[in-house]
Amino acid sequence: MIRWNNDYNHGAHPAILAALEQTNETGYGGYGLDEWCRKASEKIQSYLGRTDVDIHFLTGGTQANFTVISAALRPFQSVISADTGHINSHETGAVEHCGHKIHALKATDGKISAEQIRKEALLFAQSGTKEHITQPKLVYLSFPTEYGTIYSRQELTDIRSVCDEYNLYLMVDGARLGYGLGASTCDITLDDLASLTDVFYIGGTKCGALFGEAVVIRNDDLKDNFRSYIKQNGGMLAKGWLLGLQFYTLFHNDLYFRITRKADEDAMKLKAAFHAKGIPFYLENPTNQQFVLLTEEQMASLGQNHVFEYQFPVKPDRHCVRFCTSWSTKPEELDALIRHIEAL
Amino acid sequence: MIRWNNDYNHGAHPAILAALEQTNETGYGGYGLDEWCRKASEKIQSYLGRTDVDIHFLTGGTQANFTVISAALRPFQSVISADTGHINSHETGAVEHCGHKIHALKATDGKISAEQIRKEALLFAQSGTKEHITQPKLVYLSFPTEYGTIYSRQELTDIRSVCDEYNLYLMVDGARLGYGLGASTCDITLDDLASLTDVFYIGGTKCGALFGEAVVIRNDDLKDNFRSYIKQNGGMLAKGWLLGLQFYTLFHNDLYFRITRKADEDAMKLKAAFHAKGIPFYLENPTNQQFVLLTEEQMASLGQNHVFEYQFPVKPDRHCVRFCTSWSTKPEELDALIRHIEAL
Amino acid sequence: MIRWNNDYNHGAHPAILAALEQTNETGYGGYGLDEWCRKASEKIQSYLGRTDVDIHFLTGGTQANFTVISAALRPFQSVISADTGHINSHETGAVEHCGHKIHALKATDGKISAEQIRKEALLFAQSGTKEHITQPKLVYLSFPTEYGTIYSRQELTDIRSVCDEYNLYLMVDGARLGYGLGASTCDITLDDLASLTDVFYIGGTKCGALFGEAVVIRNDDLKDNFRSYIKQNGGMLAKGWLLGLQFYTLFHNDLYFRITRKADEDAMKLKAAFHAKGIPFYLENPTNQQFVLLTEEQMASLGQNHVFEYQFPVKPDRHCVRFCTSWSTKPEELDALIRHIEAL
Amino acid sequence: MIRWNNDYNHGAHPAILAALEQTNETGYGGYGLDEWCRKASEKIQSYLGRTDVDIHFLTGGTQANFTVISAALRPFQSVISADTGHINSHETGAVEHCGHKIHALKATDGKISAEQIRKEALLFAQSGTKEHITQPKLVYLSFPTEYGTIYSRQELTDIRSVCDEYNLYLMVDGARLGYGLGASTCDITLDDLASLTDVFYIGGTKCGALFGEAVVIRNDDLKDNFRSYIKQNGGMLAKGWLLGLQFYTLFHNDLYFRITRKADEDAMKLKAAFHAKGIPFYLENPTNQQFVLLTEEQMASLGQNHVFEYQFPVKPDRHCVRFCTSWSTKPEELDALIRHIEAL
């Protein structure tokens, strides 16, 4: 069985295991105050072309999301998100557990627009009884989205303008950032994200690391005491250098970008195979997650050799399922899947 | 200027002030452990025809809502509510501040249906990854709703069935309960509410009291340590007998029911006057809040003598505004308003 | 039976009931946006000799405490309090429920010293791993304390200095403020409190009102969006003018000061009677709560006619009990108690 | 420089890195639903001699602590802990951030006694106003403590009795569990802990793993929906098998016990060397953390080759510092340190 069900079913890129081996005999300072975290920060800053950002390494995405939001918001403030956003749909209410309401906007293919955000911000701005409602203060986007789509430079610029106009923070969840930046149609780069957002994170867990996310904070207001928030929310790894070392390795010689771009290319081959077969998609996207609509017969056939993730039934007689490529996809695995698609 | 903008712009029914006068020289035990709270509980229980309910007196509706929800839910559990529900739209995110997500269902005239609730409950029940989402555990309804509509016995019975099927608590916010029960089309009584719900409250603030809400808990699971929740959430009045005394007075000789039914009758006269003038309504309802669609000219004209509450613009050239009658509405005030409507 | 068990066992000063009667036919704006709240604020400001303070009216002390603390602190910040402080010992963990640790310092007669506060602040200031501990940010004092003692001007000035040195907010819980300011040994005035603290509140519930506390915010950092915090925490009374009206009445013609000073004088007569009888005290204080050490026999004897509050046993054969005078104490009640003490 | 400052300054036991290498080409299910987590659970259960425990793998100790406490307590309930307990002193108020008060009892050498716990439980049990205070519901102990001491079987049995008497949960933080069980004076075994406690965890981070703690839940009341709590609190590793694999490796062939016992033996040699030199200790303990009192001169001398952790000054002229041995201590490092001590 070959696993396509998600992009976090394999350990780590071999370069990371090698780095762990090479440093295993060395002692380091605790809690992220070590040379590898420092080096990884500098390396990432060099990609961003700026040193005015704070970079912190956390163990996972849910934690990164609620820790940033906890640090950014006061109790009466709230978050604007797509209804399909990970914080709204897959994190067991962690943001609300921290005390904050999410204004869930109806997403289109996983995305929300500047106009939708403006409309929500206006509801508050024009309210005559502001103390009876929460104040939207942070816009949360995923890049790529949970449906594999990406925002264009223009879309992000428009959203940034609305954020500036209504004094909102812009946060980007980049759990799959590499797959977004690596997409053939992507017209932004890593440093653009630092310029356009107040805070974002670079996903490691799904992009070649054993685990870990690098939170990049540009807005000075969000930098203050961030390490206290990490510790209080349980995200401070005792052996923090394990995270720094992984990110240093990923950003050495563009490894992060190479392995995720390759996964996107694999996904496009997969997409082409389904297309060639006339199999419809739930939506089209240029990244590593592909949402196809299979019949039960097709599911049964492919399911003999491949693991994919069931999403939901689609009338009248199809089912949306997800196939993910990743940094760990092997050529022979892709070939096998394509052959099986062709044989449907 | 005559105030129709809300139903909480006057002090209290004279009987309540009289009761305060008569007891002012007497000393009582603190924190709701006094004879008036006991008597008021017994009086309300006699209306319910049952003694197996716990009754607590809190100072206001927002507090009653989040205190009950805090007590009822564990951290990973969530609330199902109409999007127009008070907890979702007018309480500054108090429920989320307590850590709980609200599943806001699209309301129709302020109401949600058993079918909508079942659908939401099913999303969780059928989920294969329950630990990644919150568990809906409590259904919150308002009776009457924020738009003055009321649920029928059949609708409540259907909702109760869904709650039983999916093991959900049913909570009714009765901030305006009297106006709901007093409606000519209402086919339930106070004791029905105790039977159909796990917990509900009888609004005092908007129904003749200076302030206060009586929380009625039927489900034994929700009774445990409720006084600790009241105290922790700031809702335990030191001079608790002030609340007990007010509710005793309101439920003595049906006062509560008489004054709210009268307000509904006044509202129907008001409605008839607008109808007679051909003025449209945002929606039709049988209770004390009437939502009419006025032109700017009509607003200006009525605004010379009357205060009403602006809601929102309605295309192309009308505005939804709210007129509330209440226990404090005087015949001459109603006459004046009707005359001004007729003169439009 | 005459109640001395606490200072909140009677309704309100007659002037307050009269004011409620006089305004009962008038309609007012909701949620504290009304003329009585405005007038009461201006009246209190005139006593403070300054208009640069925001004044908000809340329903009770627990609520005032946690609402102010919620508004003042970020999640990683904590409170310094006497271990006997009300927030630490009688509010069901409401401050921790809001997410904040209390550093409980060992009190002496209910008080903590500038030196103790400095020592606690230093623990953080000198810590090399600040992100692993909470940052003390607010000092909470009660005036008078839960044991009826009061801080001198010098003590408060010293505490203020420490607060300035370590960038701490100073908050005073004035649930019994009148009884503190009315004490014969008190060397501060109401306006001193506004100058020395960042925020404090003037207790109404225990000082002549039916209920209510007036929160006075001097520090601009704490003013921002405070009404949102009140609403979110359930402390915003729909009929807010009921609070404004009560405080206006209390501060009209010094009523607040006269009735609480009188209660202190009564307490001193009570104290003298116990002293004359050679009955020891748990501690000496100049305010309305007196903590005496009675034998079981004395408790039984006085208990025939008087209600007092049991505190705890004191070795070898005595029991600490509390007698409270208040604004509602009648001369004949005091006489009766003194006669009974003399007859012990 | 040789690091003795803590027991988490090296990566992982080589067997763990080898296991990561061997499994790196294999795909696994996510979020702890995989064969390694299952195998590790079974392996640990075999050590416990029981299968009626749930075992979950979390990324770190702070997270394990507040996640368990969040799951165990209702909002009005609180925790009893030593004042030196990790949750009270080194976790940035994470427990209070989750809404729960900690009753911090004065520790003796890091430990609290059954008698102290009973006294605290009695305060609540005997209170006449329980709704005004929090209900202690969980006792938190560290084994070994933050000062390296361990509870005897008798002490734990006594504490268990108090917990049974007052209906309290008993939780043991075993971040350094191996070092406690490996102590020459330890008279309990791993399975005793499962019998004596309601929940405890087996520390991996400080005992040979890269990271991770295994939470063992015996009490059925605490098992319910625990995975939801893990996810909501950010502790659910996407690649959960990385944790299962590490614990499987540690519990294969007693590795966990062998490497921690060895570290304790090393610590005893270290202790003997200081003793032989007449250097006093802050306290005596049988585990891997040794707290010695050095002069400034001795600190300077040892500091040339060794890193140790400064604790606090001790009058008149000494300083408490911590030396930790660990699973990663090498014989030549220990020899070097002992030689340098002898040369002081």
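We just call them A, B, C and D in the order they show up, numbering each chain from 1.
Just so it is clear, contacts are C-beta pairs under 8 Å (C-beta built on N, C-alpha and C of every residue); 3 or more make two chains touch, one makes a residue touch a chain.
Being a predicted model, the structure only gives us computed values, none of them experimental.
> So which has more C-beta pairs touching, C-D or A-D?
A-D
> Among the chains, which one keeps its Cα centre farthest from the Cα centre of subunit C?
A
> From the C-alpha centre of subunit A to that of subunit D, how far is it in Å?
Each chain's C-alpha centroid was found; their separation is 33 Å.
> With chain centres taken as the means of their Cα atoms, state the distance from subunit B to subunit D in Å.
Each chain reduced to its C-alpha mean, subunit B and subunit D end up 51 Å apart.
> Could you state the distance in Å from the CA-based centre of subunit C to that of subunit D?
Subunit C and subunit D have C-alpha centres separated by 42 Å.
> For subunit A, write out the residues touching at least two other chains, lowest number first.
If we look for residues of subunit A contacting two or more partner chains, we find 75-76, 91-93, 97, 99, 129, 131-132, 228, 231-232, 236.
> Considering only the defined contacts, which subunit C positions touch subunit B in the complex?
Checking each residue of subunit C against subunit B gives 2-3, 6, 8-12, 14, 17, 20-21, 23-30, 59-63, 66-67, 91-94, 97, 205-206, 210-211, 228, 231-239, 242, 307, 328.
> Considering only the defined contacts, which subunit A positions touch subunit C in the complex?
Listed in rising order, the residues are 31, 70-71, 74-76, 99, 129-132, 135, 225, 227-232, 236.
> Would you mind writing out the residues of subunit A in touch with subunit B in their complex?
Touch residues, subunit A against subunit B: 75-76, 78, 89-93, 96-102, 128-129, 131-134, 310.
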